[in-house]
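Pasting a structure below so you can have a look.
Naming follows writing order (A, B, C and D), and every chain is counted from residue 1.
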Amino acid sequence: MNSLSDEDKKNLIVRLRRVEGQVRGLQRMIDQEKYCVDILTQINACRGALKKVGLKILDRHVNGCVKNAISQEEGEEEIISELMDVLDKFTD
Amino acid sequence: MNSLSDEDKKNLIVRLRRVEGQVRGLQRMIDQEKYCVDILTQINACRGALKKVGLKILDRHVNGCVKNAISQEEGEEEIISELMDVLDKFTD
Amino acid sequence: MNSLSDEDKKNLIVRLRRVEGQVRGLQRMIDQEKYCVDILTQINACRGALKKVGLKILDRHVNGCVKNAISQEEGEEEIISELMDVLDKFTD
Amino acid sequence: MNSLSDEDKKNLIVRLRRVEGQVRGLQRMIDQEKYCVDILTQINACRGALKKVGLKILDRHVNGCVKNAISQEEGEEEIISELMDVLDKFTD
């Protein structure tokens, strides 16, 4: 169980399928010896897209699981400390 | 033509194939309503792996194309300004 | 009013005073024409220290203001959307 | 000796003096218990400004020291591997 609606799920899977295609494209670019800067630009695009997907899920998580844990006073400390850990890594 | 050796290419493609698998895994995680924090952890792993691939390519590009352009005094200004642009985005 | 304890405040101000000293040190390094890579290393140190200060404040904010807004059902939507905005920029 | 012109130096020191003022402002904000999100916004501004200063110095370093080392074939390997190390940390 998580905090994503059916529409969120559809939307995120579409975006991730696109990222998957970009990562496959990266392999082709390397195999075909494309110009390094073009490969790096594509890598930046993938990382940016993954970051956006992450921010969306983060938003849903805070608005869902975190909010529920707090309002029901159930496991709120764990869920917040877990959120902080994942944020720490997300900002690397 | 770029600055990657055959070994670099093999190594980078293996790593990107792994990232591709992780991105496919992300779609499954979302479809199967896995816990948001686990999805975010996987996203962080993908972004970290792509960053490492990018740094490797950057290294090869500077040691190859950029170095050649400078030592042959051919298009060095363009290649350096292009490098700076891609670095700017890479650090986002 | 914010979510920082007196000890947090003391601790954060000490850390920020150190960052202030590092930024002053950076000006001296530039003035005295120190080696670029050493300047960049110092810049990385400052940015890393500021990130840590930010993560600490974020932690306190979520555990304080955000948690209170949710458990008192008062302005929780605004406070969460505001949190997401600041996170978005924090991850740049 | 580094790769910064007198104008670069003046410009960078002005920008760093502004960052120094912002970091001092951060200490005041914490002392005066300003709202966490406003403090975080100010931290983001400082980090962004430091990043821009870093990119400028990086640009000058590549166009100066790195370029010279390569065209004079003197210590080019060390200078490039050193550049890669600092880039690695800069992208954190």
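Convention: contacts are C-beta pairs under 8 Å (C-beta built on N, C-alpha and C of every residue); 3 or more make two chains touch, one makes a residue touch a chain.
Protein names from UniProt, one per chain: A, B, C, D = DNA-binding transcriptional regulator, FrmR family.
Because the structure is predicted, anything quoted here is derived from the model rather than measured.
Visitor: What's the distance between the Cα centroids of chain A and chain C, rounded to whole Å?
Guide: Comparing mean C-alpha positions, chain C is 23 Å from chain A.
Visitor: Starting from the mean Cα coordinates of chain B and chain C, work out the distance between those two points in Å.
Guide: 28
Visitor: State, to the nearest whole Å, the distance from the C-alpha centre of chain A to the C-alpha centre of chain B.
Guide: About 17 Å separates the centre of chain A from that of chain B.
Visitor: Give me the residue numbers in chain C that touch at least two other chains, ranges are fine.
Guide: 51, 58, 83, 90, 92, in rising order.
Visitor: How would one label the connectivity among the chains shown: line, ring, star, complete, or other?
Guide: ring
Visitor: By the touch definition up top, name every chain pair that qualifies.
Guide: Inter-chain contacts occur between A-B, A-C, B-D, C-D.
Visitor: In their complex, what parts of chain D are in touch with chain C?
Guide: The contact residues of chain D facing chain C are 1-4, 9, 12-13, 16-17, 19-20, 23-24, 26-27, 30-31, 33-37, 39-41, 43-44, 46-48, 50-51, 53-54, 57-58, 60-61, 64-65, 82-83, 86, 89-90, 92.
Visitor: Using the touch rule from the top, collect the residues of chain C that touch chain A in their complex.
Guide: Against chain A, the touching part of chain C is residues 51, 55, 58-59, 62-63, 67, 70-71, 73, 76, 80, 83-84, 87-88, 90-91.
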